[in-house]
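Next, two complexes with subunit A in common: one pairs it with subunit B, the other with subunit C.
What follows is the complex of A and B.
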């Protein structure tokens, strides 16, 4: 049961985790189904800093949801998640990319929800500033859009 | 938001379109709409996110298809959603989802149970038309009421069309006469064509010849009231939802009728004594009536100011629910000397959405089987029309009580009749009793001979007992497999809460050919309570 697996980030950091923990990643799960003997998984799209956070998340959720003395209440998990999200925006975005790449569905939901909260109640320009985005819509595009979403100004 | 500390200008990783889509899937419609304007990629992802708009359409309006505000199917959920937003302004939005859901429930029930009523629903009223009617009325209608008409502008019913035509013709005639009659034949021709005659016009139907087909259609439509009805002796009502413009016409008819009535009474009062004394007596009489109404738990009003009919029986004056544009409530309006008495029909005064809550409750009752299709009254045989109505006698327990004695099943249900002109301060409860003989009954046939009723007050004390032969003059014979025998009767009560129970005496076989002795069949207790929602 306690088989271990080593995850390697794209900058060479290694993380040894229980297999069960790593299986929260649908990507790793699929990979292990194909190569059953694998003991090491190289993750080309995730850096060490981000992978450390992902592993932290998966470890906690594995322990918190499995039956036994480490099991936590829903409220306790929620509280932990909230503290977990207390990171800089760039880290949050890295987590989103990693969760999406690794297919950790609950982490993807959690981080995307947090990112959506950043956008919430912001003006279009505020969002552009926040995400460092150039407006490439033409005046024509904008006029067309406004006719469809006049109600958003209410 | 506070969870994520922000550092503007820090190098942000580029989120892939897939990741952005995941983020956008959590946005509210307003945030998503703002997001559209950020850049082309965001616009394309958000506008193209069918799941997002499908979810918002379902969550906000309960719509699971790409149905647009005009009832037509649209290309995408985005088009459907923005279409609804464009068609219904902000003031409607808090009520729109509730109204759409209630209409959907009602239409689903009608399609399965009474398609002939479904066919009478008119398309939604346009915002421009609604505004025009409001300005003719001289007051604005609450959005929680208007939204119902915006989705379906009431019912189109041949009987009501004819009534409206005759009213407009009469008014036109009066207007022509008042105008000096100079245009003689010209106005006659306009009237015969049902042409526009003034303020409220626009509609409709030229005056038909009234042939047998038209007559059948008119009679049939009497029963096609969306809000159901009942028959208690000679009191027959079938309530419908008039289109808003017609509701405004009904209102002016009621106002005119009231003014005419008051004028006549004042005239009579003025025949003895002077003008001043007559005015004084009129005021005293009005005050006395108002006081009487207040004691009966009614709300007296001197006029129909800010009130508009929402549900009316086919025989207009018999039963009218009016929506209050100021309070947002819904009440039954009863005319009396010098004004109107209102009986609130929706619990929880003070909320601005009385008609909508009433409408939603009605939808729930149809959906749950509380109300079902029932028979109205017997018509002359030559009329080949469907005669069935939505019966307002409840059909599910506990509102319908049931007991079986020796195979005789008795089911009893009550409806509070708010419009009844009951003896002073009394409440009329109509009840329907249904008899049938079960398949496994020990008897093959039996006949009702006597009834026995006990009426109790809230504390269980006996208020009244009734012993009598038959029921409403009939002695029904029951046989297994035969349709239920149903009869309706009523009782007047002083209190708003009480109960009634009883026994029916049956004889085995028939009265003429008895087989075995007589036996008592229990009628279970049923409540005589004024309900919180009145229909």
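What follows is the complex of A and C.
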């Protein structure tokens, strides 16, 4: 039977996972290399809701990897990933931050790609509005950007 | 200016899931969570997934992104084609260079077919053309001159780019023709003006007879010609092979001689056209072009290796045939 590990979020929620599942996080891997007997890992920068999603992701990908690298598996993973990322923008950003903190590279790539999709085909003003960004460009910057504007397919 | 000097009021120093107060939370819910809450490294990774034209939009969002978008564009481009190729279009910034590289203008297949050009398409479409298959080879078996055009003009896309490798007949012309001249087969060859007195322009190969284009450049088998039209200029980069042999006229016939000129030739003309233009090539019988601008660096390398292997096999075959003939002669 595989060894278990308890991950604790910053709001005290506990998640018991197989060690192999948790080792997808390079950060946890590093911690366990330092303290080999550790059975519980406190994760101060991730809340329970986000950690639940990360654990869900790691469990699915661990199981999928065990099944082998076939075309069918790849297609199933892609489909699952798509459904997994069907979340609100704030949840997506929390997942990005958690993946970055926990060093789960595949999840970070996936979530960054999803964030990029939110930006795709948007105008500058739409990006500002969507992501709550203030325009702090100077008149000089604006003038320089104007000269490049003819390049856009708008 | 250093990136860290820029004011980023919403930026967080560490990766952590946020605990916002109720009012801020509500405000963010309405306007969306700020992208600037993500750490620098993560934002960098997000932008890496964006194509050049989306990076243009991001570039104008705020000062922080103005700096970051340019850096990301440079990294993406250098990773894709190598530094030398990435920097080949001079006087453009990295965002513009990335947009140029991602521009893969297709061909007017309908007009091309009417002109008897034959097109070989890729079996699997490359990433740049997710819907239709891309053309990888163009051939002409009929007597010329025949005109091949781009599918779109500058009215539909501000940047047009072709990258073609010459494999067949060395007589060829490359340039642009005004849109309203696209049905005149000799528009490029004879540098014909339209009603607004805007002329087709470009260059011809040194061996082309009767061309009225303003420039003649030595081009030969395996020469790569890249044509670029931007709102600013019309540019050509001609890259000749290292061991190229050019065809020259001698006593009313063409002879081959080793090419000793510069490997790379450039031609730049200001884009003064008021009306839209299309990319154009005039070709003659037995013309053949490999289309490189729709392929990735790996695919171009693969194509090069295939061609080299085919040449080697042909040389071996010819050698074997010659040896057999010699043996028969001895017998």
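In this text, the second predicted complex is superposed on the first by the 138 of 154 C-alpha atoms of A that agree within 3 Å, B and C clash if a C-alpha of one lies under 4 Å from a C-alpha of the other, contacts with A are read in each partner's own complex, and residues count from 1 in each chain.
Rule of thumb we're sticking to: a contact is a pair of C-beta atoms (placed from the backbone, for glycine too) under 8 Å apart; a residue touches a chain by one contact, two chains touch by 3 or more.
This structure is a prediction, so every number in the text was calculated from the model and none was measured.
Of the two partner chains placed by superposition, only subunit C is touched by A:45; subunit B is not. In the superposition on chain A, A:85 makes contact with subunit B only, not with subunit C.
By the touch criterion defined above, A:60 lies against neither subunit B nor subunit C after alignment on the C-alpha atoms of chain A. Under the contact criterion defined above, the residues of subunit A that touch both subunit B in one complex and subunit C in the other are 89-90, 93-94, 96-97, 100, 108-109, 112-113, 115-117, 119-124, 127-137, 141, 145, 148-152. Those residues of subunit A whose C-beta lies close enough to touch subunit C in the complex are 10, 44-47, 50, 89-90, 93-94, 96-98, 100-101, 108-109, 112-113, 115-117, 119-124, 127-138, 141, 145, 148-153. Subunit A makes touch with subunit B in their complex at residues 82, 85-90, 92-94, 96-97, 100, 108-109, 112-124, 127-137, 141-142, 145-146, 148-152, 154. On the side of subunit C, the complex with subunit A involves touching residues 7, 9-10, 14-19, 27-29, 31-39, 41-42, 45-51, 53-54, 56-63, 65-66, 93, 95-96, 99, 157-159, 230-231. Against subunit A, the residues of subunit B that register as touching in their complex are 1, 3-13, 15-16, 18-19, 22-31, 33-40, 42-43, 82, 85-86, 89-90.
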